[in-house]
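Structures are listed in the sections that come next.
Next, two complexes with chain A in common: one pairs it with chain B, the other with chain C.
Moving on, here comes the complex of A and B:
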């Protein structure tokens, strides 16, 4: 396919993940899309919501495909990763049990994030 | 016509197989309706690629074929076509096969369509 060539440096993409790992391909697709968007120069946010918050819990190495590794790669590339405060509490996920570099803001900040985004993409619905 | 009708471009990203649940059929009905006022396009990825398998006997596929007849853009992930074992003679024609699906998905979302719907 032809590459779309536009000046998009200031555009913001927010990707919301609502499904957990190892139940479908949603989480992996979302994280690969985030990495590609970042590589193309967009500002990218990833927000883990509902069961999507479980991805943050995949801290250890595994000898099979590991969504946690994809999430760590996303964080290393400078993509902002946040997860829902209420969803985290409901699943007993705290800063001590999740991958480093993830913010846990309140719901109002989630709304602010959506308002500041040019496009919002939801994976897992 | 209702003057509140949305007339901008709409891109539909389909990640689920046609009979996975009833929401695919509902979305395609909405997409078919949208063709009256808007330019629409599809990006089929993951199990969404099963929509383009030929000779299906189900209502979801019938609606999709009706949409295809309106000459809409349909981009399909090559990786997922191969994963699904769908060869070129098993799928519908006039599709764009993407060999860099995540790269092209970003263009689809950020540059090609004003509004994007995922399912």
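Moving on, here comes the complex of A and C:
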């Protein structure tokens, strides 16, 4: 009988996005990186921080490039997406006004996410 | 592996540049409160954040020095790039107490000493 290696554990990658959509390519590059990392076997987290939280607000279809679609694809692929509670409140973003499937934890949960990560990449600037 | 050492690199100036610095300080202080070793590294325009006697009240903004002082009181390491202050004509005496000035050549070593780095 083949033995399943239960000791194998995926490396954890956390991607932090600090800039909103349509201001630079940061957000899209971050989400594409998340998808590629997931495909390569990483356990991936995406954390929307500061103006990065605006990406969650792109709920509708558009006839041009849509960062919200990339975020929906990320969620569909089982990537864990969270966004900063304080940043969301500052921008009046609530569960009713954002894409489904995003958690809104506090700053301490963000720190917990960093602690559990093998690699952290920041996209912004 | 659990991250114990967090490096936060601040490259943008304070006030008027979205809320990058505030986000960095919020994260830094929360990480210290959760027991991590945290280093804030100010480079390029970020060095202005460490100037003494800032008074953004005149433009209706709160002062980030309060968060920086909290960071130092909680035991965080505050370092500033030597070249960046020289290029901007900032003297060491103009910086807040508790800042360590380092040469950019040491940045590789600083990054290696931390498990995780974030850039704001």
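The rule is simple: the second predicted complex is superposed on the first by the 116 of 125 C-alpha atoms of A that agree within 3 Å, B and C clash if a C-alpha of one lies under 4 Å from a C-alpha of the other, contacts with A are read in each partner's own complex, and residues count from 1 in each chain.
Note that contacts are C-beta pairs under 8 Å (C-beta built on N, C-alpha and C of every residue); 3 or more make two chains touch, one makes a residue touch a chain.
In this text, all values refer to a predicted model and were calculated from it rather than measured experimentally.
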Chain B versus chain C as contact partner of A:18, first or second or both or neither: second
Partner chain(s) touched by A:104 [first = chain B, second = chain C, both, neither]: neither
First, second, both or neither for A:58, with chain B first and chain C second: neither
Which of chain B and chain C A:112 touches, first, second, both or neither: second
First (chain B), second (chain C), both or neither touched by A:122: both
Interface residues of chain A shared between complexes with chain B and chain C: 118-119, 122, 125
Contact set on chain B toward chain A in their complex: 13, 15, 45-47, 75, 96, 98-100, 102-107, 109-112, 116, 118-119
Footprint of chain B on chain A - complex, ascending: 1, 3-4, 6, 8, 11, 13, 24-26, 29, 32-33, 35-37, 40, 42, 118-119, 121-123, 125
Chain C contact footprint on chain A (complex, rising order): 16, 18, 49-51, 84, 86-87, 90, 107-108, 110-112, 114-120, 122, 124-125
Residues of chain C touching chain A in the complex: 1-4, 6, 11, 18-20, 23, 26-27, 30-31, 33-34, 36, 116-120
